[in-house]
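For reference, the structure is listed below as C-alpha cells.
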C-alpha cells in the first residue's frame, strides 16, 4: 500500500488538539502514521486545510423508503445526470441520488463514514444491498426499535434482560449498528391511523407510553454498553409548539451516565433538532424555540444532537414517522407514499419545496442555523440536513458557509419576502457568532465519531487511526469571499479513505474499499426470547424466521464492532 | 351459425400458470391457453356447440382457438382468453403512450371455424413471425 | 435417504411464499416432493427437475429455421458482439431472476448504452406511473394479516394468479388483532366477471369492463359525501356505490389489492391513480393501504435494483450515457412498435408469449438473444437461445415480494451437468463486452 | 432577425435526438459552428451537419434567431427543447418532445407532432397545423407541474392525456381530443373545438375546459350546474356548465369552494345530457319494452336471461350494461 505525506497544510484536528497549525500528516498501511519512509508520495497542502475524513451521523441514503423516493420521483432526476466516467458509474438524482452518486458526492466533500439513519429490520437485506452498491464510504445502519412489539412487551413486563437479548439478536440479524427510535409508539399507533403526540400518550392496545419506551431503551443501551447511544427522533415532529415535547423527551436522560468502553460521553442523541424546536400553536404564529432547546442542551452534557438544517431547496421528506408524512401531504397536497411494516415500524415519503418566500420555510431555515450557533459545545452538535428531509446532504458546504459567515446569513435574512416577520419570529438576526474551521472539524469529524463510539478509528488524525483524510483548497485566514467556503468544501482537493486516494482535484479516482459497520453485542439469546421470537414469526410475521437474518454475502466487507461487557 | 361482436379480455388462470411452468412447448399449455371462454348467452348468439374451434378476429390480427363455456361467469358480452400468444394475436398494441398495451377491452368478432386447427404456442409464433415473410 | 429442505422460497409469483418444504433424492439432484406450494409453484419445481425435457446447451437459429447447438463461449461471443455493435439495444426481462443477475445486467447495459426494461412494461408499469403521480399509501402483507378488516380485490383474481395469497395474508389468516380470521373481515371484489375470487366476497361490484376509472372517482365522491350524476355508474347502481363507500369508511384497517384488470384496461395509470387517491382519502376517516398484486416473483426486485442504481423502476434508457425514463417512449412495447431499437436481449421473461403479436414480429426481425431455462415462444424466435439454471431452484439469490420485502431464494438442487447460471453467463458477457470496448 | 435554414438530407435509421436545435444554442454561431453541434442516435453521437445542411447564421441573441427546419424530420425528437426565445418553423412533421419545457419564443410545426410535445411548458407559443399525439402540454412523469404558462394551438386533433397536471396557460385544439383531458389540472384553460372522447377533467382541482362539440361520456363526478355566460374568442356566450371533479379535493376562495368547470355551448348541446348515459345504438321499441316487462314481471331475472331473451325474440344485440340498466328500470 502506498505511503503519503501531506505537507505544509493547516491542520484542524480535535483529536490531537491541532487548531490550524502547519503540520504534516503521514499515511502508511491505511493508517495515520508517525512518520513515513522517503518513498512516500508528497502532497503539498500549502495554503490549504487538512482535516480527518468527515463522519455523517444521520442521513437517509439506503433502504426501502429511500428507494421508493427515487422510484416515485422521476422528476428529481431530470437534467441531473453525470455520465459514466473512467472510474465511475453514471450517477444522477438531486434530493435522492442513486447509490453511486451518494458515494461519489460524499467522498468529494471529504466524508468517509456515513450512517443510514433508519433501517426497518424486515427490510434489512434491502438496506445492505444498497449499501453494497454505494462506493467508497464506510457505512452502518440503525435498525428502528421504538415501535417494535417485542420491545413493547418486554418493557411493559419490566424484563430488561430480555430487551437486551432481543436487541442483541436483532442487531446481529439485521447487521445493524445502533438503537434508533422514531416517534416512539406513534408509528405503531399509525397502524390505526392514530399518533402519540406527547411522551405520555399511551400506545393503542399496548399499554405503554413513549416515555417508558425511551427510558427502557436508554437503560438497555447503557446496560449493553453499545458504541452509540440511543438515537432518537422524538414525538410530535414538525408541529408548532413541539419544543415542549422535545424537552420532555430529553429530560428522560437527565442524570443518566454513559456506560461503555468506546469513549462515548452521551446517553442520548437527539436527531434533526431543527424539526423539534418550534414554538407557537399554529402556522400563523409559528416561531423559533431554538433558545429553549439550546439552553437545556448546553446545561445537560450527557446528550448530543444533530441540526437538520433546512437548505431551502426542493427535496423529498422521508421518515419512519408515518403519521407525520400523512399530515404533511394534507398540507402541501403532493404525492404521498407510506409503508407500515408488520410488528416493527411505519414510514412515509412526501416531496417538499422549501420556498424562501414562504414564511414558515424561512423560519425553519433560521432555526437550524440558530441551534448550531447557540449550542456551546461543537463536540456535541453535528451538522446534518437529515438528508434528504431538510435538504440534500450535498448542501453541507453551504451550511458551513452560513455557519461561518454572519454576513451571508444577514443578507439572506434581508432578502426574504417576509423578512420582517421572519426576523421577528426568530433569533438569528441577533446572533453574530461565526464558527471557526476548528469548530467545523469538531461538528463534522471528531464530535460525530465520538458520539458513535468510533473515535478511536475515525474522525481524527492521531497515529494508528484509519487514514481518512481530506484536503480542502481554502485557508481560514485568507477567506475573501464566503462563497469560497462552499466552493472548497464541495470538491475536496484530495481525499483518502483508509489510506487510498479516492478523490483528486474534486474528481473521484478510486472506488476505495468500502466497508459495512455493524455491532455484535454478543448477548446470548435466552430460552424465553428464543421462544417469543419463534412464536411471533409463526403467528404474526409474513416471513419465516429462517429467512429473516441477513446473510453474510450482503455484507461482503464487514467491520464488526464487538461489544464485550 | 353466425359471427358475433364481443369485448375481449385476457388474464391469468391457474391452469395457464401451471402449464406455463410445465413448458410452453407442451400440448398442455395449448389446452390451457388456446381457448376462449364465452358466456352461455353469447354461445346462443354464435349458434355453435361448446368445445368447437372458432376464429377470433380483431383490428390487430386473428387466431384460431377453442370456444369453451365460461368458467367464471356469467359475463355476457365479455369473452376471455387466458394470457399467452393466442390472446396476443388479437390484443391491441395501443398504449396511449404509457408503454402498456391494452390487453383488456379489445373489440373482437368470433366466427365458427370447426375445421381449423388450434396451433401450439411455438407453431403459432413461428407462423406469425416467419410465415408472412 | 432423501433430503428435506425447509423454508424454501417459491419462485413463481409476487406472493413469494417462503414456507415450502422440498424433498430431494440423496444426491440432491432430483426433486421428489414439494409441500405447501400451490399447483403452479409445485409444477415449477417438478418440471425443473425433469431434465430430459430441457435444453442444456445454447442453440443458434439456422437459415432453414432449425436450431444448432453451440457452446456457451460461442453464445457469450454472439451476445457481446451484438450488444457492443448495436446503436440502441434493448435488454428486457429481469423479472424471473435474482437481483444479483440484474445488477450484472445493468452494468452491461450501461457500457453498451442499452435500454433496460422489466416485465412491469406489460404488467404493473402503469401502477408505477400512477405512483409517480400520486404516491402510494401501503403496508407489508403482515400488516394485512394482523389488522385488516376490509379487503378489496379490484381487477385481480388471486384464486388463479396468486393462489396462496388469500390463505397466507388477506382473507383467512388470524393475526394479532384479527383473531377471528375471515369472520372479522368484509371482502369486496370489483370485477367485470364473477370470478372465483368474487365467489367468496361479501360484495361483488360487477363493473362495466373498462370503466373502473368512473367507478373509482364516484366512490371517492361518495366517500366525501358528494353528489354523483346518473343512476348507474359504470354498471353499478348509485346506491350500491354509496353503500360500498360506507363499508370502506366503517372499517378499522382496509386494504385494496389490485391487478391487471385495472392496469391493462382503458385508463391504465389513471385507474390506479384514482384507486390510490381513494385509499389516500380514506385515511382521513380510518386506516387504508393499497398493494399491487405483482406478477413475476422478482419483478419488484428488478424495480428496486434499477431504482437504486439509476433512479427509475423500469423502462430505463441508458443510450446517451445517462439514465432517462418515460415508459411512453422508452418502454419496450413502444420501442418495438416504433422500431426504435436494433438488437434485443431477453432474460427472465417471455415476451414472445406475452407481447402483442406486432411486437413479437419485430423481435424476430432483430438480432436477438433469449436466456431462459425453458423452450418458449421467445426462444423460438430469437437468433440465439441460452438455457440456464432455474433461479430459486438450482441457484439462489435475492428477490423482492410484492410489498417490496426482500427474501433470499434458496438453491434446492444442482442444475444439469455443465449448465451455467444466468449470473455466470452475464458475468462472462460483461467481461467480453469490456474487452471489446477496450479495443 | 437572422435566419438559419436546416434541411434534413439524410433520414436517420433509428431516431435522432436534436435538443440542440434551438435559437438558444444557435445564437452567435455561424453555419459551420452550428453544424458542429451534436445530435444523437441511440448511443452514437453525430454532428448536425451529418444529417442536415445548414445555411445562414444565428442572430446575436436567441431572440434574434429564427430557425427553419425542412425535410422529412418525422424521426427527429426534442427540437426546441427548453428554448427561451426566438423562433422555429418546422415545415414537416416532428417526433416526440418538440417544444418540451419550452419557456419562451415561438415554434410553428406545419405538419404533425408525436407525443410529449410541450410538456412542462412555462411560456411562449407552440403552434401545430396538423395533429398532436398524446400528453400534449402535460407534465413529465411524476412532476406535479405540467403546463404552467404560454399557449398551445393545435389545428387538428390531439391525443389522450392532453394537459395532465396543467397549472396555467392555454391549450386550444381545433379538432377532437382522445380520453383523459385535463387530468389533475389545477388551473389554465383548455378549448376543444371538436369532440372529447371522455374522462374530461378527471381529478381536476381547478381550471376551465370548453368543449364545443360533444363529450362522449361525462364523468359521473361532474354535476350539471345550469347555464352561465362566459367569454370565448372575445365574445360572451351562453354555456351549459358542469362542475367537478366531485371526487377530488378543492380549495376555497372567499368561503366558496372552487371547482373545475366544463363548459358546453347551450345551442347545439343536444345530446350532451344523453351523453351522460350510454349511447343507444340498438334500442328496443316501446312495444318490445312492454313485452320484456311482461315476460319478466315479478321476477328477478339475471342480465344473461334478459339479454338472451331480447336477442332471441327481437334480434337486438344489447350491451350487458344496457340490459342491466333496463332491469333496474323495470324494477321501478
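The chains carry the letters A, B, C and D, assigned in the order they are written, with residues numbered from 1 in each.
Quick note on the criterion: a residue touches a chain if its C-beta (ideal position, glycine included) is under 8 Å from a C-beta of that chain, and two chains touch if they have at least 3 such contacts.
Worth saying up front: this structure is predicted, and the values here are computed from it rather than measured.
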{"item": "If a chain touches chain B and chain D alike, it appears here", "value": "C"}
{"item": "Higher-contact pair (C-beta pairs counted), A-C versus C-D", "value": "A-C"}
{"item": "Mean-CA-position distance for chain B and chain A (Å)", "value": "56"}
{"item": "Where chain A and chain C are represented by their mean Cα positions, the distance between them in whole Å", "value": "35"}
{"item": "Separation of chain C from chain D, taking each centre as the mean of its C-alpha atoms, in whole Å", "value": "31"}
{"item": "Centre distance in Å when chain A and chain D are each reduced to the mean of their C-alpha atoms", "value": "46"}
{"item": "Touching two or more other chains - residues of chain C", "value": "129, 132-133, 266, 320-321, 325-329"}
{"item": "Per-residue multi-chain contacts in chain D, two or more chains", "value": "115-116, 134-135, 140-142, 144, 179-180, 320-321"}
{"item": "Residues of chain B engaged with two or more neighbouring chains", "value": "74-75, 78, 96-97"}
{"item": "Chains that touch, pairwise", "value": "A-C, A-D, B-C, B-D, C-D"}
{"item": "In the complex with chain B, residue positions of chain C that touch it", "value": "12-13, 38-40, 43-44, 47, 53, 65, 121-122, 125-126, 129, 157, 159-161, 163, 192-196, 198, 209-210, 260-261, 263-266, 268-269, 295, 315, 327-334, 337, 350, 352-361, 364, 374-377, 380-381"}
{"item": "Contact set on chain A toward chain C in their complex", "value": "62, 64, 66-68, 70-74, 76-77, 81-84, 89-90, 92-93, 96-100, 122-123, 125-126, 129-130, 133, 149, 190-193, 205, 326, 329-330, 334-343, 346, 349-350, 539-544, 546-547, 551, 554"}
{"item": "Residue ranges of chain D touching chain B (in the complex, touch as defined)", "value": "115-116, 133-135, 159-161, 178-180, 302-304, 307-308, 311-312, 317, 319-321, 323"}
{"item": "Chain D partner contacts - residues on chain B that touch it in the complex", "value": "4-5, 39-41, 44-45, 74-78, 96-97"}
{"item": "Chain D residues within the chain C interface of the complex", "value": "13-15, 17, 40-44, 96, 115-116, 134-135, 140-142, 144, 165, 179-180, 183-184, 199, 202-203, 217-224, 245-248, 276-277, 320-321, 324-325, 328"}
